[in-house]
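A, B, C and D are the chain letters, set down in written order, and residue numbers restart from 1 in every chain.
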Amino acid sequence: MDTMPRLHRILDIHTLKRGLYSSSIFIMLFLVFGVFTIYNRVAFDTNYLKAANISVIVNQASFLMVVGVAQAIALLTGDVNLSIGSVMAVTTVLFGRMLQQSSDIPLFIPIMLILFLGACIGFLNGILITKLKIPAFIASFATMYICRGFAWVFLGKTVIYRLDEGFRTISMGKVYTIGEFTITVPMLIALALILVVNFMLTRSTFGRKIYFVGSNVVAAQASGIPTDRVRITNQVISSFLAAFAGLLYVARLNACEPGMAIKTHFEAITVALLGGFVMTGGYGNVWGVVGGAIIMTAIQNGMNSIQLPSELQTLVMGLIIILTVFMNTFLLEKKMLVADKNIETKKAIISRGAQI
Amino acid sequence: MKQHKKPFRLSNLPNSLYVLFVVFIAASLAVPKFLTPGNLSNLILQSSILLLLSFGMSLVLMTGCIDLSVGGILSMTGVVMATMLRMNVPAIWAIAIGLLTGVLFGTMNGLLITKLRLPSFITTFATMGIAQSIANVVSEKRTVYWDPKPSNSLIDTLGKDFIRIEFGQTAKEVLTISYLVLITAVVITVVMLLFNKTTLKSRVFAIGENEEIARLAGIKTHFWQIGIYAASGLLAAMASLLVLIRTNSLQPTTGEGLEFQAVVAAVLGGNTLKGGKGSLTGTILGALALYSVRSALSLAGIDTSVVMIVIGAVLILGMWLNETIQMYEERIVGMLRSILMGRNHGHNA
Amino acid sequence: MPKLLELQSIGKTFPGVVALDDVSIDLLVGEVHVLIGENGAGKSTLMKILSGAYQSDSGSLSIEGIEVLKNDPKKAEQLGIRMIYQELNLIPELSVMENIFLGHELKLKGQLFLNKRSMYEKAKEILGKLNIPIDPKIQVKHLTIAARQMVEIAKALSSKAKILVFDEPTSSLTSSEIKDLFAIITSLKATDVGMFYISHRLEELFMIGDRVTVLRDGKKIATKNIKDITIDELIEKIAGREITEIYPHKKQTAGEVLLDINGLTSEKFKNITMDLRSGEIVGLSGLVGAGRSEMARAVFGIDNYKSGSVTICGEKLVKKNPKIAGQKGLSYLPEDRKEQGLALPLNVRENIVIAGIDQLFPNHIINTQKETQVAASYVEELNIATPTTEKLTRFLSGGNQQKVVIAKWLLTKAKVFIFDEPTRGIDVAAKSGIYGLMDQLAKEGAAILMISSDLPEIIGMSDRVYVMSNGILAGEVRGADITQEKILELAFSHVKGELITDETA
Amino acid sequence: MKKGLFLVLILVSALLLQSCAKAPTEVAGSAPEKTYEFVFIVKSMQFPFFLSMIEGAEAAAATLPNVNIKCIGPETPYSVEEQIQLVEQAIIDGVDAIMIAPADSKAIVPAIEKANKAGILVATPNTKAYGGDVLTWVGVDNYQVGYELGKTLAENINFAGNVLLIEGTPGNSTSEERVEGYLDAFAEYPGINLLDSQPADFNREKGMKLMENWLQKYDRIDAVGSINKDMTMGAVEAAKAVGRDKDFIHVTFDVDNDGLDALEAGEILVTGAQNEKSQAAIALYSCYLALQGYKVPPMQYLPLSLVYKDDVPLYR
């Protein structure tokens, strides 16, 4: 057998399948944009697809991308992280407190401390999951409660607002404007993060180990991978990113509240699942998160733009999510089935259907 | 022939038992008002809504899926019932239609998950939004209430106490069992009966363990899965009836956040997200454990923020205790056995 | 003898592949009809059509002369067709009796509530008949693999069965249990039950079979009476070519000690002391559940142990650290490839490099080109049948999956290999390939510990044999002493006949 | 600074009470024989508004040596079911008075009736309960709030212009009542063109997103109304980010330091003050007085005061 030519590898059906699985979200994205554009054109004679609006959507989605990636990394080893929103709250509340106490320390010290604290909470999660063998769902649910509780305790009954303007550039800064499209700092941060994480997952040995642990933790053990360490590190990265997302969040809002990001764990899971990650681990491409975040934001933006009555908004959101997942799991795999030469695929797909 | 009998195993006991145990000991020591008849009746009353929800959730979890839409279904069916009552539909019909709505919505969930093979987590997350929307549309986003009429006096009656035993003057010396608790008890008994005495248990365990095995054993897997989702919808509708009776009105946002609590109660009770195993008794204990913590802490007058921290800590403690006991199980059982054996020998001599 | 069943010109196409092409086969009353062929030859597909799990595209199925028009699992069951699958189809959380009656529970009047009492009585009766001493109320998760296999058979016999299909029933059974199983089969023959029997263990076929049908690539090659065929002919028909020798290993002088296990003790095994020398293949025999795999896992560092030590090339290993063990040159090929050996959703390339990934890319960055080249070179070296290194391992056959697991450890330049049931469920041609590979490794100076329940394999391949019994190292057999009798004697030396595991599932 | 505000509030409360009951002169002087246990149940512990209410209640309790107060709230914001549980727990605890800001006016009634049965005083600061035996309600009417703010908004853009409205959580009664008031006010002026009305769930971040989306769609906006300050602050940030913060005015509700700063900076034109701290304080004093045997008026309307930039020092 000859060594594999590059082209052969790219055209291989299995590679294609893994790539396409997360890219069906982008097909859906076109659909969503299409519908809102036409509706806006017909009903209001306004241009939905103008660069300025896209810029707003992508900017808003940047934050969701960060939490989506945080969740996706946890999902890769099959360990969901429900504590993302609470980690954001507790870390940023402390951050705000630090800023309040002394205004003359350089900003990067509290930032570093906060990111470190996030990583520590992740470490705690990891220990609970691997060493104490508590299911990730319950463990991170427990830390979600604990972190939220501490966020209140730390903040007392005040709200911290009007943060340092320099600090706020990480969320409000603009870099460059092309026509109406404004490139903002959060966009670049999200892009950089996606590139780094994508590199980590696809090109580093650690990323390979993550996928392996997520696909089969027993086999990973039997291959000499320190599975516990991988899972703990994963949780650390996830919560570190959550703390980072928290900084973006407060910088954007110009306020720290204990009740912030109260549903972020749900949003993060939705974004990751829409992007092709699965609850059982081992599957998923980070670019899918980009699609998932943009689609979620675009739906909200579109519903606002067509003046959809508030009571119908969750309905439309629900229907679009179902349609997207349907695209992901059904249509695409059916196509694969026809293309695939192997009968085992069918079985594999059936067993996938039962996944949570 | 020597028969191989089932060994006694501590690990067969549900997690929630340990949590409940810890909570009860700690609460009764720390909060004197905790172990009063009044508070215990309160505890059961308060946990009844979550109990029904988490029962449905447990069944779904056993099949290896999840149903996040129960909170949405609760809001939706409640609004349907309340609107019926407002339109002077006799209470019994309103309830029937409400329950039917729950069943239908659950069936739709089941169809999406079985026939379209959609992953259950995100699908039911989406249908939760759909149910919530329906609730908002039907109620016109307002709390729905009705004027007391003979046609809906049933709701009023069900809000009353079924049994009330007074020991003294204050509320904590009064033992009450309301109709709500009675309804919950009946529903739970029926579900437990069906689970343990019919083929239900082997069906859900088989489907959860491996759908293909179940299919090969001649089980109509899709039929059962859809049925389980329908049952979850029905139980959510029943929980909604309890809320309706309890509040004598219905807010369209009632069900928010309940789905997660139901999952936690079920998972505490030993049900897993992977399916194929689980325990309904565990779920009961799980729901009670969650409410015991809350009740004890609010009796102790502890700040809500601290309450959340303590709930988190108790969850971890309970799960950890269970894990530790499993680890040292052999040693513990061995000790127990040697004590028992020793006694037996003495008896023989 | 009258015909019990006839499958005529069965054809089945899956998208893009012809699984069965015009296969006709029949089954007589009271016969054992052996089906044999390489993996992917179509045996399982054919049996799944029989059991209603698949629908055939063409051809007909008739039972006792009556054609069955639309077959499905429920109907097949009504017709008295029962399957005993290779992969155990039991629900661990349910009790033995609930498993036995899964899908056709006995009910009280009214058809709603279960009749637990009569289910219990009936289950007890069936288990008694099969000489299986298990309480029907015990949960299956507490049973050993062998006991589960017995329950599987009991399940098939729980209602009136006319046709039984055994799909590799002995792959997890020990010799004595196989004997029990064969006794059951013989008694079933007397009650006019017809049986299909699928196995890769050729010697078994000659013990139990009446007729044999060979399938290759979805086509029927031949149907013969067992009496009229020799084992060599059979192998030739299966493979489509001649395979000269199954066991290639030539005994040779052993080199220095590579692996030294000293007094290893845990809850599952006690005081195990053994050594492995360069260039030798050492068999580790014993009954299923004797603690062999558990010991191997502890040696590799997956599980913990209480006392004792593991030394590799003179260096003592730390407890519970498979990473260090791998780096020091120890490798472990687990018994259950799908569950423990491979990440099935990942492709061949990713599975091959995983164990040696840190050595291959010391700076933690993967060079895809280099990775593909390395993977491809092992695909070539081990003759793994895959079009590209990008194929998902889930789609490979059992033998090729096993080769991927081996390749994984070759990459780490491992010096000591622990093979746990290396050929279970693998067809004859692939088996011979794996034996060849083991021999080659030994020749190159590796030390191999081969855990196996297949006695001919142990006898054919090993320079020495250790035998474990109930967690204790019962003895070591060398040279001419390596006989079936001696090994079995040792294997049973500490047995108490437990069918219930201690593992808390 | 804060202490000063409280003194003012307490004075106001005292005056209010004086107008309807015997002068509570004895209260300050009499030696406390019994310690009263109060519990205050808010709608959520996660929104600054309710934290501010709690502050008011605690400050009031601190002036009475024989009153202990516990302030609690549901874990899930605005969960009336959890509020009912807290009431039941308080009954078991045997408190003397329950102050509750019901998350739903109707749904809380059975719980209030339970408390009545146990002989416990119930006061409802902020939000009315549509039934049960409530000692007193202290607050502003939500519909009235919306209506007043709507009118104020219209006045400030000379009764004509493009207007947007930010709602709370769909189905939340506080939100729906205020929105209804706003809409009724707008309906009175034909010049007011309501472009859109969308929910932002009382949430700053959602308010910001919503405003960002609107800013893309509408080129001419004259005023943005909101039913709560947090959402407005989000909207202000969104407008600032694209440099359109001077193009339109914000009318909102509730006051805290954040809002006062925004008023001073000219980011918000006007906000409605419902004096939540006084609401809680008055409810507490009312309960205390009732326990001493005084009669307390069942409805205590606090005036809705509109706060402009010039009024800021008054609220500091």
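In this section, a residue touches a chain if its C-beta (ideal position, glycine included) is under 8 Å from a C-beta of that chain, and two chains touch if they have at least 3 such contacts.
These figures come from a predicted structure and were not determined experimentally.
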Maximum centroid distance from chain D, chain identifier (CA atoms): C
Length of the line joining the C-alpha centres of chain C and chain D, rounded to whole Å: 71
Whole-Å gap between the CA centroids of chain B and chain D: 35
Mean-CA-position distance for chain C and chain B (Å): 42
Whole-Å separation of chain centres (CA-atom averages), chain A against chain B: 31
Multi-partner residues of chain B (each touching 2 or more other chains): 136, 141, 303-305, 307-308
Junction residues of chain D - those touching two or more other chains: 45, 170-171
Chain A: positions in contact with at least two other chains: 152, 258, 310-311, 313
Chain-chain contacts as defined at top: A-B, A-C, A-D, B-C, B-D
Chain A contact footprint on chain D (complex, rising order): 44-48, 51-52, 54-55, 77, 167, 170-171, 196-199, 204-205, 208-210, 212-217, 230, 233-234, 237, 241, 256-258, 261
Contacting residues of chain A [partner chain D, same complex]: 44, 46, 50, 52-53, 56, 59-60, 152, 157-159, 161-162, 172, 249, 252-255, 257-262, 300-301, 304-305, 307, 310-311, 313
Touch list for chain A against partner chain B, complex: 128, 132-135, 137-139, 141-146, 148-153, 258, 266, 269-270, 273-274, 278-279, 310-315, 317-319, 321-322, 325-326, 329-330, 347, 349-356
Residue numbers on chain B that touch chain D, as the complex places them: 33, 36, 38-39, 42, 45-46, 49, 135-136, 139, 141-143, 145, 159, 170-172, 243, 246-254, 256-257, 294-295, 298-299, 301, 303-305, 307-308
Interfacial residue positions of chain B with respect to chain A in the complex: 64-66, 112, 116-123, 125-130, 132-134, 136-137, 141, 211-212, 260, 263-264, 267-268, 272-273, 303-313, 315-316, 319-320, 323
